[in-house]
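Next come two complexes built around subunit A: one with subunit B, the other with subunit C.
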Partner chain A sequence: MDDLQKTILDYVKREYLEEGDDRELGVKTPLITGGIVDSFSMVSLKRFLEKKYGIKIPDADATPEAFDSVARIALLVEKIAAVRA
Partner chain B sequence: MPDLVAVEEERELSSWELAKLELNWGRGDPVNIGWNLSDRICRQGLGQTKALIWEGFGGQERVFTYEDLRVLSNTMAAFLARQGIAPGERVCLFMDRIPELYIGFLGILKLGAVAQPLFSAFGEESLATRLLDAGTSAILTQKKYLPRIRRIRAELPALRHVIVADAEASALQQGETPLHLDSEPRVEDFPVYPAGPETPSVLHYTSGTTGQPKGAQHVHRSLLSQYLTARRVLDLQPGDIYWCNADPGWVTGTSYGIIGPWSAGVTQVVLDAGFNVDRWYSFIEKHRVTVWYSAPTAIRLLMKEGKTPAARHDLSSLRHLASVGEPLNPEAVHWSREVFGRPFHDTYWQTETGCIVITNLPGMPIKAGSMGKPFPGITAAILDMRTFEPVALPGRVGLIGLAPGWPSMIVGYRNNPEGYAKKFASGWYLTGDRGTVDADGYYWFVGRDDDVINTGGHLVGPFEVESALLEHPAVAESAAVAKPDPVNMEVVKAFVTLKPGYEASSDLELEIMNFVRKKLSPIAMPQDISFVTSLPRTRSGKIMRRVLRAQEWGEPVGDLSTLMED
Partner chain C sequence: MLTETKTQTFRQVYQEEIAGIRAAGLYKEERFIHAAQGAEIEVEFPQGAAPRRVLNLCANNYLGLSSHPEVLAAAHAGLDYRGYGMSSVRFICGTQDIHRELERRLTGFLGTEDTILFSSCLDANGGVFEALFNEKDVLIADRLVHASIVDGMRLCKAMQDTYKHSDMTHLAEKLAEHADKRFRVIVTDGVFSMDGDLARLDAIVALAEKHDALVFVDDSHATGFIGRTGRGTPEHFGVLGKIDLITTTFGKALGGASGGCVSGRRELVEMCRQRARPYLFSNTLASVIVSGTLKVLDIISETTERRDRLESNTRYWRQLLAEARFDVKPGESPIVPVMLYNAKLAQDVARDLFAEGVYVVGFFFPVVAKGQARIRTQLSAAHERAHLERAIDAFVKVGKKYGILGKTKNEIVERYGL
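Take a look at the complex of A and B:
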C-alpha cells in the first residue's frame, strides 16, 4: 500500500466507519457496492480528495465504479494529478 | 344527463371492491397484512413458489418460498412475543436489506405490533428523533449498527429490547438479544393477531417544512390499495420476477417492496448492494427480471453510463418498467425506449397516500414528463392556491389535491393531530405539490408548495438540517434549501453564518458536511455550503428560505416587502 492509498484508506475508515465497527477494510474492499459509502456520501469524499490533493475531479469521472475501492480512487487521483502536472 | 357524482362514486366503489373480491376480504379470512402476504398465498397453492431471492453484495444468495415465508414469519412473531412485545407496540427495523428485515416485517404484523422501518443510513440524531417520537419498544438491527444505537439508548426510555440478527450473545451487552432465525425452532402455527381494517400496521416517518419528521400511521386496510395497484399499475402477474430498487426504510420499499408484490404472490428479487451499472444489468439478466420499479435518480445514473453497458447484457426478460420518487424527465422515458425497448411509466404518490394515486397505467399512451392520470378509484384535482377549490382551466398551476377515502390513506401523524389537520382543506387532501392538468386529463408536476427538499426521491426537511447545522460549534445561523442537481433533481444546499473566531474555509466546509452526514444521514448532508455574513429575514425575524432558493434556481425572488433591512 502506498502513501496515497494509506491516506485515503485512513480517511475512509475515520469518516465512514463508526467507532466500534470492526469490519476489516482494505484498499480493495468494495465501498459503494459494499454499502460503506453511498452516492450521497461520495460528494464529501470527493471534496476531501480535491482539497487534499489540489485537484478537480470532473463529475463525469466521479462515478460509483471509480469510487468503489480505495485502490480505484487512488488510481483516479493519480490520473487527474498527472494530467494537471 | 347522467348523475356524474353517482357515476364517480360507483366507479370508486368498484375499484376497491374489486380488490376485496380478489383478496377474499371480509369473508372471514384475517385482515392482517402479515397473514395475507404468506398464509393466504400458501393456501392458494403457491407455497413452493419462490417469494424472495436475496443477493448480497458479495454474490451470496438466499432463497425463500412462500411456505418459508409463512413459517419464518410465524417464528419471528413467536420470538417477539417471547420477548414480551405486545400488539400495538412499535418495533423498529433498522437494518440493511437482508432477509431478516422482510421476514421481520411480516412477523411484527402477525404479532399485531406496528412495524417502524427506518433507513439504515440514518445517523444517531435522525434515529433518536424518530424512536423517541414513536415510543419504540424494540429495535431489530445488525451488529454494525449497534454502536449508533448504544450511543442514544439512554435517551430512549421506552426502548426495552435491542434484537441483533447477526451477532453472538458474547458480543452483546445487557439488554441486547441475539436472534438467529436459521436456528430458531420453526413455528408452524402462530395465532395471527386479529387486526381490523383500522388497526395500525406500519409507521413511516416523513419530513415537512417545519418541525421534526412526522410519523405517518398506516393501517391494515392499506392492503386493498397496495394489492390492486401492484396488480394493475405495476402489472404484476403470476410467474413474474419483480425487482423494486427501494429500501424498506422508505414507503416505496414497504408498499411495493413487500406488501404489493407478496400480496400478488410473485417472486421478488432483492439486491443488497450499492449502485453499480454492470451489477444491476447482470442482476436483471441473471434472474430474468420481468417487472422493474425504479427511480429517476437511478435511471439518470444508468443514462450517465450510456447505452453500451446495457448492450452487453440480455435484458429481454423485462416486460414492464415503472418509476417513482420524483418527476421522471422526458429524456429518461425516451432513453428507456431506446435501451430497453419500452418506456419507464412514471407513478406519483406519497408516504401519506400509501399507494400510487396518479399514474401511467400499462398500455396507456405516455406523455413523456407527465405523471399520468388518477388511478381508478382516486379522485384528483388541481386546486386554486387560495380557495382550495378545483381549477377548471387546463394548464393552470395549482395544488394537487386528492379526495380522501382510498384504503391506504394514513389515519394521522403520530402525536401531531394539528399537522395532520393542516393537510386538508375544503374536503381535499393537500399533497403539498403544485401541478397542472392538461385537456386530456394528464397531470404534470410543477414543484413543491413548501420548502421540503426532494433529493433522489427522498424528502428532507430544512428544519432538521438547520437544527443539526446549529449544533456545530462554528455555526451561528443556518438555512437549508433545495439546489438543482442533474442526477438527484435536488440536493441540500446550506447557507451559514459563522460565530466570531471562525473563518470560512474549505476545511470547515468539509467538516460541517461530515458533521451533518453523521448526525442525520448522507441524504441530508449539504452538498454545498455558502458562508455568508447574514441571512435574509422577514421583519419578524423569520429566515426567508424562498429568497435563497430562488437564487439557486435562477428564479424571481418575488415579494420582498417584508424583508428586514440591514
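Take a look at the complex of A and C:
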C-alpha cells in the first residue's frame, strides 16, 4: 500500500465506519457495492480528495465504479493529477 | 407512433431490467387490501387468492384515525361544502379559507411561526431546500434521512455533506469544517423510519446554537404522538420553537390520507410560498383532506388518550418480543424492528407470519444497509392487547420454526449468512 492509498483508506475508515464497526477494510474492499459508502455520502470523499490533492474531479469521473475501492480511487486521483501536471 | 422494431427494443430493455430486479430478489409485490385501514384488514395475497382477515402490524396508522367516524364525517362535510376538485394551484384560484385555517392550526400545534401546505411531505422535502438555499450554503444531513430529503437536497445548489447517523461529534466536526458558509443547515429526521430511533434534537439544537446553524427536522414519524402532547420530537426533547424548519405528513398519524407541510420561521415559509416548485406547480390540497386533517387536530388537541394508548401498546409489544427473546432494536417509538440480518430470512419469516394471520413486511438492502434485514413492526392506537397477544403467538411459532429465538446476531448470521 502506497502513501496515497493509505491516506484515502484512513479517511474512508474515519469518515464512514461507525463506532464499533469491526469490518476489516483494505484497498480492494468494495465500498459502494459493499454498502460501506453510498452515493449520498460519497460527496464528502470527493471533496476531501479535491482539497487534499488540489485537483478537480469531474462529475463524469466521480462514478460509483471509480469510487468502489481505495485502489480505484487512488488510480483516479493519480490520473487526474498527472493530466494537471 | 413507434415502429415495431423500436417497440420491441424498448420492451426488451425494460423486460430485462425487471427480470434483473426479480433475480436479485428485490421485486416488490403489492398486496390488495379489501377493507378500510384498521387493526385488522382483508388482504388478497397472492393476487387472485381469496381475501384473508389478518392483523395489520405494518401501517403508519399510528393513532388509529384513518377510519375514525368523526374524521370521515368531517371529510364528507368538506366534500359536500367545498366540492371534490380544487382545479387550481394555490396562487391562481386554489386557496380556500380552510387551507389557511389548516396552516394556522398546524402552526399552533407545532409551535412554529407559520406553515405552508404541500400535496405530500415528499413534495415538501422536494421543494424546501431548492427554494431556500444556494451555493453560499451547506446542507449537513444525517446519513439515514428519508429518501425524499436526499432527493430534495440533490435538487438544491447548496453544498451537501453528511454526518454519521446520530453522531454528534462528527456533526460538530462538519459544522466547524463549513464555518465559511452563509448558512449551515443541519438536516435530520425526527424519528428514523427504518430503525425507529429518535434524532437527538436537544444535542442538535445545542450544536446549532454553538455554530450558528439552522435546524431542519422531518417529523413525519412523530407528529401527533411523540412528545407528551404529541407535538413531535421537538416536544420530546424540550426544544419546541427552536427548530427552524419542520416538515411533516398528514399521511401517517394525522388521518393517514396524504398531504404534508413545511412549518417554521415566518420568512422561510413565505419564501417557500414564492419559490417552492412542488407548491407552485401542483394542485392545491383537496378539501376532503383539509377538512379531515382539521378534525384530526381537534381530536388530538382535546385529549392525549390515543397517543397514550399507542405508547402503552408499544411498551407491551416490546415486552412481549423481549420475553420471547427476539433480537429487537432498542427504542421508544412505535416502529419496532425485529432483526433478522439475512434478506431471504426476512422475506421467509414475513411470508410465514402472513400465513399465521399477521401482516408484516421484510425490509432489506437497499432499503436498509446490507446485512441489516429485518421485519419492521409498527404499532397503532387501534390495536387491542388481544391483537398483540395473537401477534406474539404467531411470531413465536415462526421464530421457533427458523430457530432464531434467543439467538444473537452472530448466531443468526452464522446459520443464515448476511
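The rule is simple: the second predicted complex is superposed on the first by the 85 of 85 C-alpha atoms of A that agree within 3 Å, B and C clash if a C-alpha of one lies under 4 Å from a C-alpha of the other, contacts with A are read in each partner's own complex, and residues count from 1 in each chain.
By definition in this document, a residue touches a chain if its C-beta (ideal position, glycine included) is under 8 Å from a C-beta of that chain, and two chains touch if they have at least 3 such contacts.
Nothing here was measured: the structure is a model prediction, and the numbers come from that model.
Asks: Once the two complexes are aligned on chain A, which partner has more residues of subunit A within touching range, subunit B or subunit C?
Replies: B
Asks: Should A:64 be classified as contacting the first partner (subunit B), the second (subunit C), both, or neither?
Replies: The first partner, subunit B, only.
Asks: Just to be sure I read the superposition right, which of the two partners does A:35 touch: subunit B = first, subunit C = second, or both, or neither?
Replies: both
Asks: Determine, under the contact definition given at the top, whether A:26 touches first (subunit B), second (subunit C), both, or neither.
Replies: Neither partner.
Asks: Counting only touches as set out at the top, which of subunit B and subunit C does A:43 meet: first, second, both, neither?
Replies: Both subunit B and subunit C are touched by A:43.
Asks: Under the contact rule defined above, give the subunit A residues that sit at the interface with subunit B and also at the interface with subunit C.
Replies: 18-19, 34-35, 38, 40-41, 43-44, 47
Asks: Please output the residues of subunit B touching subunit A within their complex, sorted ascending.
Replies: 57, 96, 121, 144, 146-148, 150, 272-279, 301, 304-305, 455-456, 488, 506-507, 509-510, 513-514, 517, 522-523, 525, 527
Asks: In their complex, what parts of subunit C are in touch with subunit A?
Replies: Interface residues on subunit C, with respect to subunit A: 141, 143, 150, 160-162, 164-165, 167, 365, 369-371.
Asks: Which residues of subunit A touch subunit C in their complex?
Replies: Per the stated touch rule, the residues are 16, 18-19, 34-35, 38, 40-41, 43-44, 47.
Asks: If we count contacts the way the header does, which residues on subunit A are in touch with subunit B in the complex?
Replies: So the residues of subunit A touching subunit B come out as 15, 18-21, 23, 30-35, 37-41, 43-44, 47-48, 51, 60, 63-65, 68.
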